[in-house]
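What follows is subunit A paired twice: with subunit B in the first complex and subunit C in the second.
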Partner chain A sequence: MWKASVLGMKRIGALFVLFAFLTLLLSGCWNRRELNELAIAVAAGVDRVDDRYRLSVQVVVPGQVASKKAGGSQAPATLYTAEGDTIFEAARRMTQVSPRKIYFSHLRMFLIGESMARAGIAKFLDFLMRDHEFRTDFYLVTTKGATAEDTLKIMTPLESIPANKLFNSLQTSERVWSPSLTVTLDELINDLSNEGKHPILTGLEITGNREAGETPENVNAIKTDANLRFVGLAIFKVDKLIGWLNETESRGYRYIKGGVKSSVAFVPCGDKGKVTLETVRSHTKVTGKILGSKPEIEIKAFVEGNVGAVECRGLDLIQTKTIDELESKMEKKVEQLMKSVIAKVQEEYKVDIFGFGEAIRRSHPGFWRRHKEDWDDRFFPNLAVRIKVDYHIRRTGTLNNSFINDMKE
Partner chain B sequence: MPLRRKHRQTGEIGHQGKSPDHSPDSSEDKLFPDLQANLKKIRQTLGNSSDIGIREIPLGESQKNYIAILYTDGLADQNKIYESIMKTVAHLASKAAGQQDQQSSPFSDGKRLLAEISLYNQQSRTVNDFFTLFRSLLSGDTVILVDGSAEGLIAGTKGWKDRGVMETSAENVVRGPREAFSESFRTNTSLIRRKIKDPNLWLETMQIGRVTHTDVGIMYINGIANPEIVQEVRDRLNRIDVDSILESGYIEEFIQDTTFTPFPTIYNTERPDVIAAELLEGKVAILVDGTPFVLVVPALLISFLHASEDYYQRADISSFLRILRYLSVFISLLGPSIYIAVTTFHQEMLPTQLLFGLAAQREQIPFPAFVEALLMELTFEILREAGVRLPKNIGSAISIVGTLVIGQAAVEAGIISAAMVIVVAITAISSFVLPAFNMSIAFRMLRFPLMALAGSFGLFGIFVGVMALILHLCSLRSFGVPYMAPLAPLIPESQKDSILRLPHWLLSTRPRLLSKANRTRRPGNPPKKSRSEN
Partner chain C sequence: MPEYKISLRQLMIVTAMFTVGSGILLVPSGLASIAKQDAWIAALIGVLFGFGAVSVHLLLAKMYPTKNLMQICETLMGKWIGKAIGLLFLVTFFLCGPTTVLQEIGNFVTIQMMPETPIEAIILLFGAIMTLGARLGLEVLARSIELMFPWVVFLFTAMTLLLLSEVKLERTFPVFEFGALPLFSAALTFASVVFFPHIMLLMIYPASVNRPEQAYKAVYIGSLFGSVVLVIVIALTILVLGPSITAQSMYPSYMLAQKISIGNFLQRIEAVMAIMWFISLFFRLALYLYMIVAGLSIILGIKNRQALMLPAGWIMSTLAVFIYPNVAYRQSWDAKVWVPYTLVVGVFLPMLLLGLHGIRKLRSRKSA
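For the complex of A and B:
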C-alpha cells in the first residue's frame, strides 16, 4: 500500500512537470490583449469613394478621457481612415496608421455616409454582423450633406468623446422629442430582410462652420462654431437612400410606429395663443384589412398627455368640457401629423416604410402572397389609411387655470 | 480511503485506567527490592537531572529503613506533596517513635505507609516497573519507594504553572463566551465538561509519542456520536507511531483522509463552546496536551465557513453574515483572476466608461495584468506573513511600508495600476472574513493557479479551474463523511443550517450523516405551541 502510494505520487509529480512544460507552449496566449494594446473604437463611419470603401474610425485616447489631470493637451479621440475594396480590408489596412489593433466591441455609433447610403448599404452590413468583435447594440445613422469622415472630425463640448455625444443625443431626442429613431444593427437587418417594410435611419448633419468644428477652439468657446445635429429620418428603398423626412414628418412617422415615450405638441387657443401638451405615453395598433379586393389599413393610436403650457386667456381647465375640447383638438393634430407623412411617402417615394405590407401579411397572408411583388408599386401609393386617435389628458401640471386669466386687461 | 502507514503494534498506546501500561521488555524493567539499586538506576536513567528531587527519609526505630520520595521539581505541586505525603510520613514516624517497644519490620512499616498515603491521595496507584515509574514521575506525579519492596506507589501530585484560561486570540466574537482552551489537558477537558454535564460525555485518554508520551483524549457524546466514526478515530490514533506529538497539528497530519489537498479535512478550534456544539452534533473531539487547539472530526467544508457567533446572534443577522462570508470566499478565490480575465480577454464585458478608465490607468504599466496581479498578491502575502511573525511593538512598521511604499508609490511610479491595488486589497480583506485561518490560507493558495489560468485562457480557464476545484471538493471525505455535505450530496433538511441559519426552534434535528442514532434536538414545533413529547 505504502509503496503504491509512493508510485502514485511519482506519477502525479511526473504529470505536474509535464504540465509545467506544456504551459511553455502557451506563452503566445491565444487572443490575449492587454488594455494598453487596444485602440478602443467608439464610432465608425463608412463613405463611398470611387467605388471603394473609406472607413473612418474614431478611437478614444484613454489618457485624455479618464485622467485625473483634466484637460490634457491632446484631443480626447483620434480618427483613423483607410480605404479598401472591401470594408474588412479597409479595417485591417488601418493598422498601417494606427499603432494598435482597432477594437470594435465598444462601438457606439456607426455612421453611414450619404454617398454610401445612396449606393446601397447591404454589402458591408454582413461584415458588421459576422465579425465577432462587433456587438449589435450600436446605433446606425446616416449623415446628411457631409461625409461620415468629416462628421467624425467635429469636436463636441460636454461629452468630450464625439461618439458619446452622438449616442446620448440620439437616445435623448428619441425619448423626449421623438423625431429621431435609434436603430441597432439587428433592427436594420430585420427591416432589410422583412417583406413589406423598408428601413429607416436617423439623419445626422453638421451645423455651423465645419472647418472651425475640427479644431479644439470649437470646444473652448461657450458658443460652439459647429455642432452635430440629428435631422429627421432617412427613407430607404430596400438598402438605398432615396429621400428625407423633415422633423414634423418624422414625428408623424414615430406616432404611426407607436412607442412615443414623450413629445410635445401644441393646439391653438383663443386668438393667437397656443396650448402646449406633453405626450407622456402612446400605443399604436396597425391592422390590415381587405375591403372587396382592396387592402386597407386601420391605425388606432392611444395617446396620453399632460397640459404643459397655456398662452391664452379664458381657458377654464377646471371644466371637463375644456379638457374634452383640447383632447379632440389634439386628436386631430396627431391625426394630421400621421396623415401628412403617409401622404408624402405615398406620393413622393412610394416605398412602404411604415410596415403596412407587413400588417396585411399578418392579417391576410393569402392576399399578401399573391400581391407582395407589386405591393410598393400598385397598392401602397393608393392605400386607404383610416386613422383613429384617442387622446387623453391626464394632468395639468402644477397649476389649474392659468394666471393669464386673472391678468389685468 | 484512509492513508495507511507502516506501523508497529506495540503496547505503548493503551487506555489509561483500563490496564496498566507495560513496556515492551517488562521482565527486565521490574523494580528491584533494594531501594539503593532502584535509586541508582533512576539516577542513571535520568542522567542526574537537577530538576528531579529525590528525598531519602529514614523510617522506623532503627532509622535504617529508608523510604525515597521522588518528584520532578516544577511539575509536582509542593503543597500536594506536603499535604498528602509528608504529613503522613511525619505522622507515621512519630507513631513509630511512640511504639518503640513493638518491634516492627521495615517491610511492614513501608507497606503501612504506602497504604496510608494512598488513603490520603485519591490519584495513587502502585507501580512495579520502571517504565510506568518514569512516565508518572516525568508527568508531575510523586513516586514513593520503600526499601525492601519491589513495589512502589505513585501519588498524583500534578500541579505546574500554566497560562490559565485566557481570552480567545484566533477566533474572536462580538457576542459569545470569551474563554479559550489553554495548554493544559485537564483544564481543557474541564472546560468542555462544564458546558455539557451529561454522563454520556465520554473521554478516552491515550498517550502518543514514544519520547514525548503526550496525552491525547477522544471526547464524544455516547449515543449521539456515530460509533463507527468513534472507532475509526480510535483506530487511526492507535496507528500513529512517532517519537513526538508537540501540537495537535502532528495528529491532524497523521489521521487526515487526504494529504494532497489544500483543504483541511479536520477542523480545529480554541473555543470550548465550538467543541461543545460540535459534540452535540455528533462529532468527535481530539484533545492534545500542550496545545489550546482541539481537533474535531469529521469536518465539513461549511463548518469552516460558519462562526460560533452565528448561533448566538439572531437568525436574520447570522444568515446575512453567512451570505456575506460566502461572497467573501468567492471574492478571495476569484477576485484577481476575474479582473485579469476580463481586462485581458473579455474587454467587451466592461461598461464602456469603465473600460476607458481602466485603459487610461494601464497606459504606462509595463507588465501584463497577470504579472501585475502576481506581483501585488505576492507582496501582500509577504506583508501578511511578516505581520504575523513581527514582534507586536514594531508591527505598525508593516502597515506603513504596506500602504505607503507598496500602495501609493507603486501606483505613482507607474508600475502597478490603481485598479489592481483595489482588486488586491478587496481580495485580501475578503480572505480575512473567514473564521478559520487554515481554510482562508487554502483559498489564498488556490488563487495563484486560478490567476495563471485566467492569464492564459481568460474566463474559460477560470471556469475549468473552478470546475476542477468543485470536483476535487466533492471527492474529499472526512472520516467517511462527504466533505461537501449537506450541499453535495444535497440533504434538504440540513439546509436549515448551512448557507442560512434558521431560528433555533426550527433546527430540530442533528445532521443525518453524523448522528445516526439520536437525531432529535427538540420536538419540531414552534416554541409558542405546547410541546408534545415525541
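For the complex of A and C:
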C-alpha cells in the first residue's frame, strides 16, 4: 500500500517534469509574430528609378482602421518607400523607415510602375514567387501615366484603405463591366513561362487632380478631386510593356478569353434609339487548326443575355422575330469587338496576347515545335481567325413591351 | 507475452498511409519537371510499376507467411550472409529513407512557414514524437493510424473539392507532347519514392498480421488507395497550377492549398491543409523507425527492442539535420542515387530472395 503511493508520487513527479518541459516547447516558436509587431502590407508597387528598384509599400495603420468613430486624425494607411539594387534589398532597407518589419502575406495589390513595366518585369517577379511571405492570390496591375508610388498615395472614399478599394473595384469591374482582368502572380508566371501566349495586365491610372488626391481633403468632399481608375489592358511582349488596349478593345479581349460574367452593350433600334443588352454569362472556345500548311484559329463564343433598357418606339419584344433580330445584331457586335482587337494587335504590336499559339500547341504540337520560333513574327500577324458568336436573349427584365410604345406622340 | 498482431483492416490503413507518406509533398514537382503536363499519366504508369514491385513482395510473403523480411533473408542466404545483407539493407535504408524524410519535414517548415526557426528545433520535435510513436509499438501505431486516417481523408477530400473551381482542363493538353521516354523515367521516379520502399512493410506483414493468408488483399487495397490520393494530387497540381509552376515550385501541393479561395472568405487555409501531410509524414516516419529497429533487433538477437528505439531515433534526428548539405544536393541525390538504390532494395532484393527460394525448392525436391 505504502509502496504503491510512493510509486504514484513518482509518477506525478515525472508528469510535472514533463509538463514543465512541454511549456518550454509550446510557449511559442522563433518565428512568432504578434499582431502588434507587424506592419501589414496591403499594397506594394515597384518603379524603376535610374536602374534601381524603388519599392513602395502601403501599410495599414491598425488603430485608424479599427476605431469605430469615423474620421480619425491619421490616414488609415501609410506609405513607405525604399530603393535598392535588387528588390529584396529594397524591401529590407524599408526597415530604416518603418518601425516594424513589413509583413507581406496579406498583400492584395501589386502595382508595377509603367517605367518598370517597360524595362521588364521578370527580374523582380522571381522574388515574389520565391519568398515565402507572398501568397499568389494578390492582383498585379500596371500603372499608366504615373509611378506606382504616386498611385499608392491617393486617398480613396468608401474603402478607407486604398488597396482594398483597388482590389474590390478591379474585382467588380471584371465581373460586371469586363474591360479589366484580374491577374494573379501564378497566372502571370504561367503566361511568362508557357509558350504561345504573352502576358497581359490591367492598367491603373490616376484621374483628376493628383496633388489634391494625396490629402485627406480628397475624401472629405462628396466629389473627390482625384480617384483611381482601371483603364484597359497593358500588352506585354514577353516581360516588357509595349502598348495599351483601350476600353472597347479590352472588352473584345475579354470576350475572346471567355468567362465574361456580366457586361452591358447596346445595339441600335428604330431611328436613333438604342437597346441595351446585359450579358449574363458567356463562354468561349478557342481551337487551333491547320489548313493546308497554314494555322487557323476558330473562336466559338456562346453568350447569354437579357434585354436591359429600350429607348425606341415600336420594338415589339413579345415577338420572337424581334428577339431574333436583336440576337443577330448583338452577334455582329460581339464579333466586331473581337475582330477589332485582334486586327489591332496583329497590325500594331505583333505579339500573341490571346494565346492562339497555345491553342495551336495544344491541338498540333508537332506544327508548334517546328514553327514556335517565328510564331510572333511570321504566323501571328497573318493568322486567319474565324469567329462564330452565338448570342441568346433569354429574358427582357421586369417589362415586356416598353411604355415608349404607348407614349403619346 | 505474445506479439500483437494487427488486423487486416489495420494493415490496409497502414499501407495506405505509408503509400501517401512523403510522396504527397515531394512527388509532384519532380514528376512535372520530367513529364510536364503528362505528369498525371506518368503517375498512373508509376502505379503500375509499383504494383509490379508490390506483387513481388507479396509473393515472397506468401512463401513465408510466418517470417518477416530479416528472417526470410537468414533462412534463404544462411545465417551470416543473411545477417550481413540484412544489416547492410537496414543501415543504408535508415540513412536514405527516414532520415531524409525527417530533414524534408524540417525543410518544408523552414521554407514555407517559419524561415527563422532553426531546423534543429523542428527536427527535434518531430523526431521526438516519431520515436515516442515507434517505441509504443505496432499496436499503438496501427490503432492511432486508424484514428487519424479519417482526418487525412477528410482534409484531402475537402482540398480536392475546394479546388475544383480552379481547375482548367486545357492545362493537360497536348497529351504526349514529348513522347513516351520522359513518361517512363518520371514513372520510375514515382514508383521509387512511393512504392519501392514498400519492401520495408515486409517487416510487418505477413508475420505480424492476424490472418496472413489474406494480407495481400489489404496491401493491394491500401496501396491502391494511396495511389489514388497521389494521382489526384499530381493531377490537381497540373490542372490548377500548370506544369511550369508545378515544376518550378519546391512544394507544389502546398501552393495548391494556397490557391483555395471560395467567395473571398474560405481562403488562406493552407496551414490547415498542411496538417494532412504532417500526419502522413509522421506515420511514414514512425513506421520506418519501428520496422528498422525491429529488423535490427532480429539481426542482433536483441530481445528487448525498446532499448534500441531511443538511440535509433536520436541518431536519426541528429543525422537528419545535416544529411543533405543543401537542397540542390537533395534534388540531384533523388534523381541520381535514390532511384537505382530503391530499385536494388525494393525490386532486385526480393527477386533475388525469390530466386534463392526457387533453387532451394528444386534442390530439396532432388534430394527427396
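Following the convention adopted for this analysis, the second predicted complex is superposed on the first by the 380 of 409 C-alpha atoms of A that agree within 3 Å, B and C clash if a C-alpha of one lies under 4 Å from a C-alpha of the other, contacts with A are read in each partner's own complex, and residues count from 1 in each chain.
The definition used in the following text is that contacts are C-beta pairs under 8 Å (C-beta built on N, C-alpha and C of every residue); 3 or more make two chains touch, one makes a residue touch a chain.
What you are looking at is a predicted structure, and each value in this text was computed from that prediction instead of being measured.
By the touch criterion defined above, A:135 lies against subunit B and subunit C together after alignment on the C-alpha atoms of chain A.
Of the two partner chains, subunit B is the only one that A:103 touches; subunit C does not reach it.
In the superposed model, A:363 lies in contact with subunit C only, and not with subunit B. Of the two partner chains, subunit B is the only one touched by A:60; subunit C is not. Of the two partner chains placed around the shared chain by superposition, neither subunit B nor subunit C is touched by A:403. Within the superposed three-chain model, A:190 lies in touch with subunit C and out of touch with subunit B [touch as defined at top]. Comparing subunit B with subunit C, more residues of subunit A are touched by B. Look at A:19: by the touch rule set out above, it reaches neither subunit B nor subunit C. Residues common to the contacts of subunit A with subunit B and with subunit C across the two structures: 29-31, 135. Residues 3-6, 260, 343-345, 347-348, 352, 355-365, 368-369, 452, 455-458 of subunit B are the ones that touch subunit A when the two sit in their complex. On the subunit A side of its complex with subunit B, the touching residues are 1-2, 5, 9, 12, 23, 26, 29-36, 38, 40, 42, 60, 62-63, 65-67, 103, 105-106, 108, 133, 135. Within the complex formed with subunit A, the residues of subunit C that make contact are 111-118, 121, 125, 170, 173-174, 177, 241-242, 244-245, 248, 255, 258-259, 261, 267-268. The residues of subunit A lying in touch with subunit C in their complex are 25, 29-31, 129, 132, 135-137, 186, 189-190, 193-194, 361-363, 365.
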